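Have a look at these structures, which come just after this line.
Here come two complexes built around chain A, the first alongside chain B, the second alongside chain C.
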Partner chain A sequence: MIQKIQSLWPEIVLFATACVVMVVGISPSVAVRRSCGVIAGLGLALAGLVAIDWPGPASSVVWPALAPYVKVLVAGVGVLLLLVLAGLPDREYEAAVAHGQRYDPIRANRAEFYAFFLFSIMGVMLVSGAEDLIWLFLALELTSLPTYIMVAISSSRNRSLEAGVKYFFLGALGAALFLYGFALLYGATGSTNLETIRQVIAQQRLGSEAVNGVALAGALLAVIGVGFKIAAVPMHFYTADVYQGAASPVTAFLAFVPKTAGFVALILLLTTIGWGYGPSGQSLPEPIRTVLWVIAAMTMTVGNVLAVVQSSVKRVLAYSSIAHSGYMLVGLVAGPGPAGAPFARNGIAAILFYLLCYGVMNLGAFAVMASLERRSRSGATEEADSIDDLRGLCTTRPMLGWIMVVSAVGLLGMPPLLGFFGKLPLFTSGIGAGEIPLVVVLGINSAIAAYYYLRLAALALLEDPDVTPVGGGLSENAPPGRKFAGFICAAAVIGLSALAWPLINLADGAAKYEPRLTPGSAVSAREAPIVPSADALTEPRAASGRP
Partner chain B sequence: MDLSSYLPILLLITMAVVFAVANISLTLALGPSRQGPVKGTTYESGMDPFGTARKRFNVRFYLIAMVFLVFDIEIIFLYPWAVAFPNLQAGTTESWVWLGRILFFLLTTVVAYVYGYRKGVFRFD
Partner chain C sequence: MSAILAQADYPALMSAPTLFHYLVVSAFMFGLGLVGFLTRRNLIIMFLCTELMFQAAGLALVAFSRFHLNHTGETFVIFVLTVAAAEAAMALALVVLLFRRKETLDAERWEEMRG
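And now, the complex of A and B:
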């Protein structure tokens, strides 16, 4: 137990920072209140450094280096996210206070906003270190629950509230689904410990050559439920409305943080079943493989086809985020390959690397949208959202325009940019696993995606600026942090492709697959005997071997 | 598949259904049926209801309830900790770690309290 706590230092740092932020953020003094964003950023950076420096004991036996990689990844992208988010909470309220209104802490929500941001990132870190189903469930919920509130309080528009409520109810549905899946997994194996579940399933398989039906049903329910977090079909319906309803910086957060948590959770869950089936002995059991295959193909296609017809940039990016989840699911279908497989074959490494690429590229696009606002007909300012707002952006605001161009072309996967190096391993791992039809679907989808990404880029780069805008034209009042974060992201999309190889090595190291079946050791240590499925169904207590 | 262990649950469900149906049908069959204005009021022999039930409550009631939850959770964790703590050898590393944990936990509840205080939960004006 004490060893486990030692691997949690990044989370402890984040938790302590969140506690400080919660008190500092409602201070009566403006200067103190303003500092809480900086404190949150420092805490996050410190957590990232601790995660680098603190290898700790391996949390997952099968993925010894997964947790540190994910922790550093979310802390790093989290700092950029924080730059984009800074200045968003309480913007209107603070302006009113500056005009002489009395400051009333109960009407402000800056403190909660930053604290929830930190809690959510802490949730992802806890997911990556999960070794138990209950831990995994709590960590996934810790990732999601703050995001519901962040969506609702991200702006004072009614649409944000609506988006928050929608997101919450569908999130609860997803949680119920995967919790039921977890219950079935426990019923089938008699343990909530992921490693024990893996060993028991492997042992059961030695006897009968087929996977326990209850465990399969549990894993399927869990996959579909966690699919909510990654916005995979059939749990994708909330995405467009929620992404559009939330303020752009929060949307950028939603597109990265819950998605990372979802993919890490899927990796950990499917590890319990293992990629050791099929004719090659390197794929998932047939029912799960088929379901994941269909989900991957549908997710990509639905996301890309619906993105083509949108006229709102945030909706385009929302559907594109669905499509990217579909791309990454290909890596999950391909699996890690045999032990010691090269990077090109390791689908899990491809996912981990793609999460980094996607996070950076997507954040660049959202940073541009978050920096722009438009005066509506009624005279109020609102977020720039229409695709026409991008028209001629490279002429009027060269910096934002070019960030948009680089991000869009990067998301498309154009060769010299980061997106290409991210997508390449997904292709090669799919081919290596023999999933040729799925790879063809992936290729076709990349072509469909070219249409709307190039439209985003071309509008900014090639078109003339709109001289007679509908409302009062664009303005740029956002805090400078957003532009800066966007600049860093665009620079990373170009610059990191030169560093792609070391980063790929990092991801590859994080996805080192060591599935060992230790006959008797893990299982007998926990006194979980091998049980046939019927017994496990009716008498879970007997299966765990405890009186 | 052997489902015999589910038999008690089946019995329980049957009993629940039979009990409910029997009570309703017995009341309908045996009970006298008298109607009237007094019979139709909300509390037949209690107070006269007034106003509407859809009143808006002050949000502070909920805030107080949440602050109460903080202390509630605190005692839930403190109690088993206090029961287990004397069993540890005094002065060992383990005992200090245990003490440190509960102090950290107490600190977080203090933060919640300070947060509630600053938010004005205890201010009734």
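And now, the complex of A and C:
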């Protein structure tokens, strides 16, 4: 118990910071209000540092080192996200206040915005340390609920509100789906503890050689429901509209934070079923494997094909975000492989490493879009979003242009850059698991993706700047933190590829899979929950007791 | 008439509600919510449909909890109710904001973004 609380120090730090931010952010003094973002950043950095100093895993966990890796990852990328987000909330309102309007805390959004940002990151951290279905459910909801509000208040346009409503409604649908899945998992095993569920499912299998149907249905519903968070295919419809409607910095946030939570939750959920089936004894049970296979193939294909026809940069990046989820699902299908498998075979390690790569590369591209503004004919500023806005960016604004080029080529997976080192393990783990057709689909999709990523890069690098832009020209009034964050991301895309091996070792360590079947310790024969089989469903428990 | 019915023998399946009955009701509620969400266009009705799905899961949890004779499922339901309340507050806030901007709750009328 004490150990569990000790492992929650990063979350406790974030919670305290969020409380402080909520009070400081509504201060009548501008200088005090402005310190909100700095306080949030310091809290986040402190949480990351605390997470590195991990007190050691609890005894009954299958992934002993998963939580600290994820916590440090989201804290690190979170600081960069905060740099991009800084200056976004209340921009118009603060300008009005500077012109003499009386400051009214009720109308300001700054405090909530930063606090919700911290709460959402706290949700991801809690997901990574989840040991129980109830915990996992609450943590996933804590990740998502603040993001709905962040989208809705990210700008004063109708579009943001529409995006927020769309995001909320589909999010509620996804939550209902995975909640029903959790209920079935509990019904099939009689426990909400993930480790106990795993043991019970493994023991049931010893008797009958088949997975309990109720548990399978529960896991499938849970996978589809959590698929909303990662924008996987049946639940991907919201992505393009929400990503376009939200302000660019918030879109960058949506593309990384809920996705990380979703993948970590999927890893934890599928662990309860286990990668111990199939001819090689290293894949998921056939129904789940088939569904995941189809979801992975559909997700990358839909994402890449639709990204090709978009004319808005944010929509291109939204569909590419769907496609990247599809790539990472390959790692989930491949699974962690046999005990002590090398990194190249471990699909879970590949996912964890790719999350880092994707977070950095994607943030670079969004930082560029967040730094650019377009003055429309009516005089109002709006975000640069058209793909033509990138034309000749390397000539007119070399720094932003080159950040865009590096990020786009990195997302494409060009060899010397970080994206290549991220994608390679996904390929090798798929091949190692014998999923050759899926790896072929992955390869074809990477080729399709080259079209639109190279278009983004070539527009910025090779084309001449647009001399007579539609409406007004581009301006760059956005807070300087965005450019700085973009610069760090671009530097990381180049620099981290040199450091790829140490990082890969970290991800490999985080994905150390230690499944143990300990009959008699976690689930003693006397306490073994009774499992509802088909004929037991119609009879009360007393009549169907297991020997 | 009703007195005669009350004294008649019910079929064996109906004599006492079992786990099966609860699960059927729960699955029906869940399906109803899902179909309603996908076919209705009024935002409030759509939200009520997701609530229906949440409560379907809650019913299944309570039934399973009784079946396994432990309290874990019931504990889970308390948390589900809390989250559902938070979502309801958020949904109403968003819907009120939407209604102030465009005097309609029809999801079809909110189609500013296409692609």
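Here is the rule we go by: the second predicted complex is superposed on the first by the 521 of 547 C-alpha atoms of A that agree within 3 Å, B and C clash if a C-alpha of one lies under 4 Å from a C-alpha of the other, contacts with A are read in each partner's own complex, and residues count from 1 in each chain.
To be clear about the criterion, contacts are C-beta pairs under 8 Å (C-beta built on N, C-alpha and C of every residue); 3 or more make two chains touch, one makes a residue touch a chain.
Values in this document were obtained by computation on a predicted structure and should not be read as measured data.
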If you count the residues of chain A that each partner touches, which comes out higher, chain B or chain C?
C
Kindly classify A:172 by the partners it touches after superposition: chain B alone (first), chain C alone (second), both, or neither?
second
I'd like to know which partner A:159 touches here: chain B for first, chain C for second, both or neither.
second
Could you say whether A:104 touches chain B, chain C, both of them, or neither, answering first, second, both or neither?
first
Quick check on the superposed pair: does A:92 touch chain B, chain C, both, or neither? Answer first, second, both or neither.
neither
Looking at A:26 after the superposition, I want to know if it touches chain B, chain C, both of them or none. Which is it: first, second, both, neither?
first
For A:286, is the partner it touches chain B (first), chain C (second), both, or none of the two (neither)?
neither
Let me check the overlay on chain A: which residues of chain A are in contact with chain B and also with chain C?
537-539
Chain A residues touching chain C in their complex are 133-134, 137-138, 141, 145, 148-149, 152, 158-159, 161-166, 168-169, 172-173, 175-177, 179-180, 182-184, 186-187, 190-192, 240-241, 244-245, 310-312, 315, 529-530, 532, 536-541
Chain A partner, complex, touching residues on chain C are 13, 16, 18-20, 23, 30, 33-34, 37, 43, 46-47, 50, 53-54, 56-58, 60-61, 63-64, 67-70, 72-73, 75-76, 79-80, 83, 86-87, 90-91, 94-95, 97-98, 101-102, 110, 112-113, 115
Touching chain A in the complex: which residues of chain B?
1-3, 5-6, 97, 107-108, 111, 114-115, 118-120
Residues of chain A touching chain B in the complex
2, 15, 19, 22-23, 26-27, 104-106, 111, 534, 537-539
